[in-house]
Amino acid sequence: MSLFGSVTSLLQILFVLLMAPLLNGIMLKVKSRAERRVGPPILQTFYDLRKLFKKETLRSNNSTFIFTLAPLILISSTVVVIVVSPIITTGELFNGSGDLFAIVFILLIGSMSIALLGLDAATAFGGMGSSRAATITSLSEPALLVSVIALSVQAKSTNLSVIVLGNVHHVSWLLSPSHILAISALLIVIFAEAGRLPVDNPATHLELTMIYEAMILESSGENLALVKLSEFMRFTFLLCIASNLFFPFGIDSTKSWIFIGISCILLAIKLIFIVGLIALFETTQAKLRLFRVPELLAGAFVLAILATISGIVV
Amino acid sequence: MLIDILLLISLFSVALSLLFKWTKTIGIILSIINIIGLLFSIALAYKVTHGRPICSFDSTFYADSLSAFMTLVIELISALSSVFAVRYLVNELRMQKDLKVKISRYVVLTQLFIFAMLMAVLVSSVALMWIAIEATTIVTTFLVGFKSNRKALEASWKYITICSVGVGLAFIGTIFFYFAETHLNGHVVAANSISLDWVSLMHNAKGLNPQLIKFAFGLIVLGYGTKAGLAPLHSWLPDAHSQAPAPISALMSGVLISVSFYAILRFKAITDIALGRWFSQDLLLIVGLLSLFLATSLLISQKEVKRMLAYHSIEHMALIALGAAAGTQLAVAAVLLHILGHGLVKAILFLVTGEVAITEGTTEISKLKSLLNLRPILGGIFGMGMLALLGLPPFSLFISEFTMMKSEAAVGLGWVVAITLVLMAVIFAVVINHSRHILLKNNEGENSDSQLAAPSKRKLKTSKITSVSLIVGLVISAFIGIISVPLQGLLLSAAKVITG
Amino acid sequence: MQLYQATYLSAGCALLFSVIILWRKEIKAMIYSLALQGIALSAIGITEAINKSNYGLGQVGLETLILKGFVFPFLIFKVYKNSSSKRDLQPLINTTASMVYASVFIAISFVSVGRLPYISGNPVFKLAPFGFAVLLIGLFILITRRQVISQMVGLIVFENGISLISLLVLSQLPLLVEFGESFDLLLVVVVLRVLATTIHNEFLKGDLAEMKGLHD
């Protein structure tokens, strides 16, 4: 691997690592403002994480090695997908390894580890959360895979870099029905995977409804910090991919350092914009009842199928 | 010229009913106009049988012997039903005084309904025919819901939704016929140089792409089949026909369903040239047998006369579809004769039932008893009508059913004939049983007090004009059955339009 | 070439809106999606008119815009205002299964219509399966919903599918036919509206499940 590749990969990790808590802070701020509250400072998430890292990790007597291992698997799977995907550049990252299927399944490893984490402490809530999360994942996974297929139809490749590059070069692809449908399916799946409204509300600990929070109820200290951080990173990563697929302009494809800088800044602006929109959207949304979630995901699945078929036909 | 006169007469009666509030006089005038229309349609039929097809209005309208035959059927049954409508509406007015506006609307819609059916068989363009058939759905919806009680509302809702869907499918079929015509012989033809009329479609039929025609004809059979009461989208028919006022039921069951089948026949002619006979044969066999099964199985459990008659209509449309599947000239001639005979007899039966409803106050089979004893004329017409409907000689239905089955057997569809006969035997037993109950069952038994409960209704006399017109109808049917000479030329030449 | 993109996009949107109508339970959302679908249809008419510089097709597009974009949704909205129910909560088949059915319908229409000769080769004709899918979904809504308004919406989605097919496949029907068809359709919707209002007065909430007077 060339120097360029290694440096850009590191840059990507750094970028996501920094953006993730920041974006979360921005979302909280926008939400509070939309609700006419002052809200926490934008950097609050950084403070929270720092505090968590300093705190002692408490362990339940019933927990096993999974309890320590799961957060590590989660964060490392997240880092791996960040390294191989085109976030700020489509240049030679781990060339050819940025395959969409691979990315989806690596992300899935993370989801699985966190579900195990929920089960590990053998509390009622953890198990409940894991079972719910598994249900949702099992429904969102087909939709995700099919929309990946849809995206790969036009570019005739499942390599994410090739797809993004194709979108940069063929503006008309962006407005093709297939692309739009696939993106809408992908957005729904992203919301579900990231545990955002309307699938899950990250701000509550209501036992009847919580999904994600239930799984990490037993974690504390460093463990919790790792889980939270990787959760933010995963969300940011998904948003980066979505924005690169939907509106790739500004992403570096020339391998020059100046362009990478510009691309970083542009991507940051895009992300902040998207996050603001999501925050506004979430203030207007109520959480779906759990049994309505399959409907949403089934909808995403249909959209993805639509996208694939219209991609093949048109 | 004759076409214009026919349409103008129909339009005139629409205008008349629009301009004047309905009174008995207007009703009688309208029925006289309808009878005049019948005379003109006979003239049209005569002229077309002995000459070439005629066009008018820059060949927007076109009448060959098939359209002339359908016109004849339409005019015959509308004349019959308009005579009875006077009686029916007078009675409705007597029951409820505040119905005036509603009745005027009813009459306008009925005349529009007849006009739309005439348009459907007389226009030359496939698409205009589609518009006319869709228009019949629209105008009859309110007629079905005329009684505006819950059941009537339910029936009209089902009617308009299911029929709109069916006719919509038929429209796609039409579009694909048109599409096939723009790719004649594999060459793209400019769309505006194509006319969508029967003559040019028949002329170009050889060059139409077979695969497109398969798809299109499938949709046509499904779509117009819905309107014709054929399975699988037949479920509106028993509801609509049983809830509509008797004169409307007569029109709908007698002609409307045949008009939709006329559309199928026309498209079948084109399809047969494009694909050969087997495709339309298979399709019509499937649809026909399915409808026959459904009609038979549902007919058994009917408790109400009008509903029973409605299922009977499905059965007869199924027989017609099977006959059309055979597809020889003789078979198609028999199909047309069956359309006429069934239309006539079914209209008569619905009208008689309407009369029974007026005089007896019910149409439920279990409540009707010894009709023959109480009202000999009405009971007699009902009984004869039932016998005619079951296909007994001397009525024309016997001849047509016999001929259809003979031609089916002749083209190697003996197994279809066997199935048909078995199912018809079942229907025969059921209907005979019901009719026996209605006509002959002794009154004196345990239910004698139910008669006393409704003495006022018993006073109503059977209307003379109605009886006479219905008897005339029956006699016509029998007459056609015994000597079909006057119709033979027309039938055979109409069948030739289909079989080529 | 860019204008084909616009046609593709509008066809995709038309199909998307029918899926959304199937998906949503709020009747208001269904009506809005219906209006948007009508607008997508008219967009196809207009872009095709520009593509082929066909004046008549532009007229059809405008007429579609007025009828399907505004008049039909407005008429349904009137029924909606008249009724007491805001949601269609209990379709005969639940939404998740409906979605799966929808994808099956889409697949069916691409396998059946998409394989017809002359359809697959042409840049515009090959969109015809979209129309067929819209039609099937509309039919599905009509069959599985139990409320009067949703059934009306289903029927109009069905009709939108028809006009999508005819817009794509035929560059132009004779104008007489085109307007006759639209006029018929308008009358159907008006009749449905009148009936729906009567049904709402007669039955509780316009729930057709209560209609059990006639069945075998």
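Chains: A, B and C, in written order; residue numbering restarts at 1 for each.
Assume a contact is a pair of C-beta atoms (placed from the backbone, for glycine too) under 8 Å apart; a residue touches a chain by one contact, two chains touch by 3 or more.
Nothing here was measured: the structure is a model prediction, and the numbers come from that model.
The greatest centre-to-centre distance from chain C, using averaged C-alpha positions, is reached by A. Here the chain at the heart of the structure, going by C-alpha means, is C.
Centre to centre, using the average C-alpha position, chain A and chain C are separated by 35 Å. Centroids of chain B and chain C (each the mean of its C-alpha atoms) stand 31 Å apart. Rounded to a whole number, the gap between the C-alpha centres of chain A and chain B is 64 angstrom.
In chain C, no residue touches two or more other chains.
With touch defined as above, chain B holds no residue shared between interfaces to two or more other chains. Across the complex, chain B is touched by residues 112-113, 116-118, 132, 135, 139, 142, 148, 151, 155, 158-159, 162, 165-166, 169-174, 176-177, 180-181, 184, 187-188, 191-192, 195, 198-199, 202-203, 208, 211, 213-214, 216 of chain C. The touching residues of chain C, when paired with chain A in their complex, are 1-2, 5, 8-9, 11-13, 15-16, 19, 23, 94-100, 102-103, 106-107, 110, 114, 126-127, 129-130.
Of all residues in chain A, those touching chain C in their complex are 172, 175-178, 180-181, 184, 292, 294-295, 298-299, 301-303, 305-306, 309-310, 313-314. The part of chain B that touches chain C in the complex is made up of residues 125, 127-128, 130-131, 134-135, 137-138, 141-142, 145, 148, 150-151, 153-158, 160-161, 164-165, 168, 171-172, 175-176, 178-179, 182-183, 191-192, 196, 209, 211-212, 215, 238-239, 242-243, 298, 301-302.
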